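Both of the next two complexes hold chain A, though its partner changes from chain B to chain C.
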Partner chain A sequence: RVSSDGKPPKFQPPPKPVIIDRRTQKEERRFLSPEFIPPRGRTDPLKYYMERKDMIQRRKVFSIPEFYVGSVLAVTTAEPHASDKSKRFVGICIQRGGKGLGATFVLRNVIEDQGVEICYELYSPRIQAIEVLKLEKRLDENLMYLRDALPEYSTFDVNMKPVPRMANEEIPLNKLQVRMKPKPWSKRWERPKYNIKGINFELPEHKMQAAQKWSQPWLEFDMLREYDTSKIEEKIRKELSEELEK
Partner chain B sequence: MRLSVAAAISHGRVYRRFGLNPRSRLDLLRNLVTALVRYERIETPWARADEMRGYAERLIDYAKRGDKDERAMRMADFWLTEKDLIHKLFKVLAPRFQPHPGSYTRLLQIPNRDGLDRAKMAVIELKGNPLPPLPGPRRDSDKTLLNQLLKGYRQDAQRAA
Partner chain C sequence: SITGACRAIQKLTRVRVVDNSTLGNTLYHRPPKCIHVYNKTGVGKVGDKILLAIKGEKKKALIVGHKMPGPTMTPRFDSNNVVLIEDNGNPVGTRIKTPIPYTLRRREGEFSKVLAIARNFV
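This part shows the complex of A and B:
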């Protein structure tokens, strides 16, 4: 450093460190369970308010983890006729239905070559534990087509270990394209009304085009069918965070 | 045991049926929306005007997003069959309604149609249009008995307070 007039150089403080606080960005991506969002209809919002209060009460006692359709869960329920009074079932969540206290989720697994689907109610007091073994999302909201897919896509090891996951990471999207058993299927999954992206259709081209006959291209422009939940979600998120902190 | 809802029952259905099929219903409403954007005041059967009102207001909400928005432009392109009106929608109507949060249209009933069908007609107009104002719903004058009694009640309440 060049000294000014023989005196020691003026003390330059080091540059202040730039602190990028990532915590605020991550809080914006909090998960809101879909059964809290009330459906569009003419019912009194008081009903949904009361149900939400009961749901929050249950969540304070029993922790319901965050999961999506396509994640592998292990559920222990109380079973009166089992020897140790509880039953554990492992499966992939194929559907999440219902709103409010009656919210359900269906787990599917193939046990000894027999496909088994069990529909559990999230807020039922019979459920003793819900454990997320593998948290991931799939290309569709509804995986009912796994019934017509090859059984290897629905088999999960009953003694599977939970896949470790770092906190505050993006939920992985599994872009798996499932291969199907030969037709006939339980539903005509190739039709545009199901809008399924997760199947690798090996059907001939003319069959795929024949299925497009049932497409309704005007539906995406029908503005009154859209249900914008952003404001409702914000209110419910605020309510939830307030109640769960008490 | 009847397992399916009878075709005549329509409990809770919000969308009226027009035309031959859902596609033709949307086409009909699309023509009406185009006419409304062009002339800013139209006379149609009341049911069509009522159905069209929701779509017109949502179209203006989309237009408020701006013409850079891809989805807004696609919606405007579908709903306005005359393409010169897309410019009018984004450049004239969207700024006009920017300060208002909702309800950009006014629906008023007019006397039944003169033809054989005597249909219930309505006039639907965009608010803030340059045409002469419609005679809106007239409020009762101050001299009616009820209004005089209410005025007296308000004055007594003011004196007591």
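This part shows the complex of A and C:
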């Protein structure tokens, strides 16, 4: 630079570094798939350790995305009898069950006015791709009541485009209250045993109060039923992060 | 139709005819019911032939989907679906709009004509 009057140019201090502390953000938002957490029991933890090793092996080869009950997925599986040897099914995840390698999830969709549900095994080698079209959570862990709800709540377009999502956003909670078909339903969803928050019951008040007869308020205070998974989850998270980085 | 505890098809289950035949789609005061299952066990699953009582007549039919959950990766339908069939295996209707499971394709020999009129597969 040309100096003014022969003097050295004015000292420009370097720009201050912007410190973005990503560590705290990252630790809060890590997702652990529910099938990694071992069920409560007296079996040898070695069994679950060996299963987790196999699960990690499979996840290294095939990426299983993060999804919750209530998100819309598209699954392509190998089908020997299909014309191009693969079949694609789009649906909303209504239930995630099983632990370890036998973990399953059920997808539901209504095609041509016919409700179809398929139970897929997460770690099955027949699955070729799992794509999350819409990642969201619902008010309940189990959406089996969609079978008795109006079919519009279970219909999803087969050719729907994946909804774009930013990397560090919170998972949206869909507080949709679903309207039901007239009774009888497959299960009495108004009873407190199912603890469903996502239905807009249009039943009269006396019916809702009669259903509360079957409530068991002592269950939440039962200490023998408690299962604190925080420490187990920490250990499994550490194990997973170590194995997946190898 | 609404079936209760046993969700695969057996005698006296009400079924839903899914093809576009006149016999299956005309309204009658009684729903079509199964009166016999052509199986060693009396329980019919996908791909089994049954005898149906529709509009006061007996007709054979092929089960293409039931409410009972089957093996994993196979679809489970919300109603017991059935396709009307003749004794020689020829379907009575000309089109099937509801989705049919791919597992029926395994028995291409017996059900080739039914699979030919099916539109969607699941």
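Quick note on the criterion: the second predicted complex is superposed on the first by the 225 of 246 C-alpha atoms of A that agree within 3 Å, B and C clash if a C-alpha of one lies under 4 Å from a C-alpha of the other, contacts with A are read in each partner's own complex, and residues count from 1 in each chain.
By our rule, a residue touches a chain if its C-beta (ideal position, glycine included) is under 8 Å from a C-beta of that chain, and two chains touch if they have at least 3 such contacts.
In this text, all values refer to a predicted model and were calculated from it rather than measured experimentally.
Once both complexes are superposed on chain A, the partners chain B and chain C fit side by side without clashing. Looking at the shared chain after the overlay, A:K87 reaches chain C, while chain B stays out of its contact range. By the touch criterion defined above, A:L150 lies against neither chain B nor chain C after alignment on the C-alpha atoms of chain A. Of the two partner chains placed around the shared chain by superposition, chain B is the only one that A:M223 touches, whereas chain C remains out of contact.
Shared-chain residue A:Q114: touches chain C; no touch with chain B. When both complexes are overlaid on chain A, the residue A:V163 reaches neither chain B nor chain C.
Looking at the superposition, the partner that touches the larger set of chain A residues, chain B or chain C, turns out to be C. Once the two complexes are overlaid on the shared chain, A:L173 sits clear of chain B and of chain C alike. In the overlay built on the shared chain, the residue A:R42 is in contact with chain B alone; chain C does not reach it.
Shared-chain residue A:L203: touches no atom of chain B or chain C.
Think of it this way: put the two complexes on top of each other by chain A, and the tightest Cα contact between chain B and chain C is 13 Å.
Residues common to the contacts of chain A with chain B and with chain C across the two structures: none. Of all residues in chain A, only 77, 79, 81-82, 87, 89, 104, 111-121, 124, 126, 147, 184 touch chain C in the complex they form. The touching residues of chain B, when paired with chain A in their complex, are 12, 14-15, 22-23, 26, 54-55, 58-59, 62, 74-75, 78-79. Taken together, the chain C residues at the contact with chain A in this complex read 2, 18, 65, 69, 72-79, 81, 97-99, 102-103, 105-106, 120-122. Interface of chain A with chain B (complex): residues 41-42, 216, 218, 221-224, 226.
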